Amino acid sequence: MSAPARRAAMLVAIVAALAIGAAFLKRSDVYLLTLTMVYLMATFGLNLTVGYAGQMSLGQAAFFGIGAYVAAIALKAGVPFLAVMPIAAVACFVIGLALGFPALRVQHHYLAFATLGFNVLVYLILRNEEQVTGGTYGISAIPRPTILGVSFEGHLAYFHFTLASLVALGALLWWLLRSPWGRAFAALRDNPIRAESLGVNITAYTLLAFAIGAACAGVGGVYYASLVEFIEPGPFHFSTSLMMLLAVIIGGSGRFYGPVVGTIIIILLPELLRGSSHEALKFMQKWYLVFFGLAVVALMVWLPGGIVSLADRFRRRSTS
Amino acid sequence: MNRITTLFAALGLALAAAPALAQAPIKIAGLVELSGTGATSGTNFDNGVKLAVKEINAAGGILGRRVEYTSGDTQSNPGVAKALAQKAIDDGAYVVMGPVFSGSILVSMEETRRAEVPNFTGGEAAAITQKGNPYIFRTSFTQSSAMPKVARYIKNGIKAKTVDIMWVNNDFGKGGRDMIMKSLEAEGIKVGVDISTDPGQVDFSAAVLRAKQSNGDALFVYTNEEESARALRELRKQGYAKPIVGETVLTSQKVIELAGEAANGAVAHVGLTADAPLPTVRAFDEKFQREYRSKSDHNGLKGYSGMYVVKAITERIGKVDGKAFAAAMKGAKISAKDHPGVLMDVTFDQNGDLDRESFLTKAVNGKQVVVETLPPLGAK
Amino acid sequence: MGDLVQLLVSGTATGAIYALAALGFTLLWQAAGVINFAQGEFVMLPAFAMLAGLAFGLPVWLAFLIACVLAAIVLGAGFKQVVVDPLIRHGVIPLVIATLGLAIAVKSTVRAGFSAEAHPLPSPFPTGQLSIAGINVSYADIGTLALAGAIVIGLQAFLNRTVTGRAMQAVAQNTESARVLGIDVRRMVLYVFLINAVLAVVAALLIAPTYLAKFDMGDSIGLKAFFAAIIGGFNQTRGALLGGVLIGVLENLVGFYISPAYKEGVALVLFLGVILLRPEGLLGKAEERKV
């Protein structure tokens, strides 16, 4: 089997194992897996901005939140789920363009500053504009979708629905990055100056990457609202943006599967540890963020390419 | 020496109870705020429950079965609380204790209701028991039962005509502010300036200045522990001289400890306090201090008494059955004479709200002092 | 009128504390090209060090001095040696990420190893207030302004008047030519890290008595310092001062006259405006791309 075929077969096997295996898991574990996949939608999008366009964004949680609030309000008003998703995605895309256009003139750490500020502002609005967002009370009783008469109310059904959607979103991004248009992204990442000389409009592409990344977060937000069935401003604080950024970077920014590894580390692992009653694991849970923080520092020093790049290292070593 | 005798006594008890304890333990799950904005409240609540469980086990458990208590940290985040509630149910919890924060319990109680698991909360928002959930029970007063008492004190105790309100903009603060406004209006008292502050706010200078410039006769402060302390410090710093009134939090041990002498003179209505002049509460206070080397705030008493309510009702129904438990809670009366662990005579109504005596407290020289005992609402 | 003066004074006092943290922030950027996202934690740690000192029964001034020494070793030299030096060649972004990780690690260590709760720290200034012509100003505000002011003036004098200070400025402006001039660049950069650490201890001493020492106190201070530095001008020491005071005063004014709910929003709007319209900051000079 060729390498890509082998990789595709492995992916299919993993997705199938997840889809079937979930039926044997506890309700709370299924919830956790679903939550991880929801965050993964946002970090996949962020990877586009950070990994491929090389920009640092600290505002992904704001788009995640905008998506969630748009979904909560629309779903409660009776708008069907299939209509809500594009609405949230387009809203985030447009806001991403509006924010990115002026901010990208200055680039790099300035974009980080601007997106961070944007996130704090969105958080304040979510908390204070009570008539629209429910303020600190949040919005509760957000319905789960029923599509073509099929209800995704149950935890397993919703898990499968989210898994299918995540695979679809992943496939879309994969195709995007492989298309001639998407190859410009890779060129951008690898050598911006050369890309420019080849006629790639850097600003336009970076802006698009940023806005598409924002739209992905918006879609993730829609699934989040429907999963938790309740939202309030807390989860969309800029500290979530920090964690998302760290997830992309420790996983391996600019590598397609990087965010998967990173999101498991920041969402799934700590939650699993939290639930354990074993003494050693309890200790781990208490100190998890300490190890995590130190690991980030160490990773930056020794393995700036992220965890996924480890595989490359081994491969290179074994072939040479 | 003393410790050794206790150790032997405990060992003896454990041996005596050993055959009974061979049965599967009764699982109680705690969902508590061990970090985030609710860390102080959640930690106290958790410690209260732990202390009660320890005592109950030392005395032979519930119906001869050992109680196994595990607590998870909600990080003061409703989403996490919901996940933990699911986890507790998956693990086969008989009763769920917590969370304390109203925003969290409003979300997590949907899970315990779905699974028909009784759920005790430390939350004080009125909305919690107004959703027709038969599995939710309080461990404390609600804002709607406490605020009328506060308003009455403001009218009769300090004879204020106009009151300024400083509150924290979260579900807890907002609910309290709405309720005190209603209660003040009912007493014919006007509201001066209405000052909203942020959860986790550190700089209270502008907020305090607004209160200072207002012509109100008193200030009602309704924020979480740390913010209350910061507000009191800033009020003192700017030389605010009018009466400062609160509900439960303002004169809590943590606030007094954090605010130092700036807390002196603040008055608050308190549903539960470790300084209540009652023998049961004195005994609790002593045991809690010995165990955790700190004084319990009202949340510690909530957790402790709540756990003893679980014991009393379970023994009353004679079996470990969540549904029967919930049914037996309706209209239940538990007297402190028969069950000292509930601390005070308490009655539960059909919604899961409770009623009992309460106290008017004042911060004096770094201590909370009870100035008056107020009768239960139902007694009038 | 009395209100306004009082708001201005207390706002300036708060702003002065932000400015101290922001000052260190800009110094690090100028001299070493470091954007330190753990700056807030650099203020939090000394607060806890002082707390520990007080718990051992030390007087405030001694606890402060010990915290200064510890901070200089750990947050100054240690931070430079362990985190910055190995990373600086990778560029700005990896270093930013590393300081983000560092912030999480430091915060969580205090939380897991020490306490998740807030702790009071005694004020170095007397309570009460001074009344002049109907205007009340608290001694704490006066003391904060005096101490912060003295430090800022002293630092400026050091940078402009002494040989070492000028050498540091030369390094900040152009590392290469400074080296050609025979300046010991490594030592100058180390000095900047030491100064940043000590500024953080002073900020902690001033801020913890009213804000309480808590593991996550660095979040808001760090953010304010960060905003202040960018509003004033990322590459200008005076900019940090202007930014800090501007934020402190504006927050107070908006909190009082408009709505406390959007108090935090002022600094933000100003910040976003500056980023989008004048990225070099109000007092800053435009930076050329170094690549």
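Residue numbering begins at 1 within each chain, and the chains themselves are lettered A, B and C in the order written.
Definition applied: contacts are C-beta pairs under 8 Å (C-beta built on N, C-alpha and C of every residue); 3 or more make two chains touch, one makes a residue touch a chain.
Just so you know, these numbers come straight off a predicted model, no measurement behind them.
S.K.: Trace the shortest sequence of touching chains from chain B to chain C and report its length in steps.
M.R.: Steps on the shortest route: 1.
S.K.: Between A-B and A-C, which chain pair is linked by more C-beta pairs in contact?
M.R.: So, comparing the two chain pairs, more contacts are at A-C.
S.K.: Centroid of chain B to centroid of chain C, CA atoms only: how many Å?
M.R.: Roughly 38 Å, centre to centre.
S.K.: Using mean CA coordinates as chain centres, what's the chain A-chain B distance in Å?
M.R.: Chain centres of chain A and chain B, defined by C-alpha means, are spaced 38 Å apart.
S.K.: Using mean CA coordinates as chain centres, what's the chain A-chain C distance in Å?
M.R.: Averaging C-alpha atoms per chain gives centres 33 Å apart.
S.K.: Which chain C residues touch at least two other chains?
M.R.: Answer for chain C, listing residues that touch two or more other chains: 261, 264.
S.K.: In chain B, which residues are in touch with two or more of the other chains?
M.R.: Residue numbers touching two or more other chains: 169.
S.K.: Can you list every residue of chain A that touches 2 or more other chains, as numbers and ranges?
M.R.: 127-128
S.K.: So in the complex, which bits of chain A are touching chain B?
M.R.: Contacts found on chain A: 26-29, 31-32, 35, 127-128, 135-138, 140, 228-230, 232, 234-235, 271, 274-275, 277.
S.K.: Can you list the residues on chain A that touch chain C in the complex?
M.R.: For this pair, the touching residues of chain A are 56, 102-103, 105-106, 108-110, 112-114, 117-118, 120-121, 124, 127-128, 239, 242, 245-246, 249, 286-297, 299-301, 304.
S.K.: For the complex, which residues does chain C have touching chain A?
M.R.: Touching chain A from chain C are residues 35, 83, 86-87, 90, 92-98, 100-109, 112, 219, 223, 226-227, 230, 261-262, 264-265, 268-269, 271-272, 275-276, 279.
S.K.: Quick check: in the complex, which residue numbers of chain B touch chain A?
M.R.: Residues in contact with chain A: 70, 72-73, 77-80, 82-84, 86-87, 89-90, 103, 106-107, 110, 169-171, 174, 199.
S.K.: Which residues, counting only chain B, touch chain C once they are in their complex?
M.R.: Touching chain C: residues 34-35, 39-40, 43, 169, 195-198, 200, 202-203, 205-207, 209-210, 213, 225-226, 229-230, 233-234, 236-239, 254, 257-261 of chain B.
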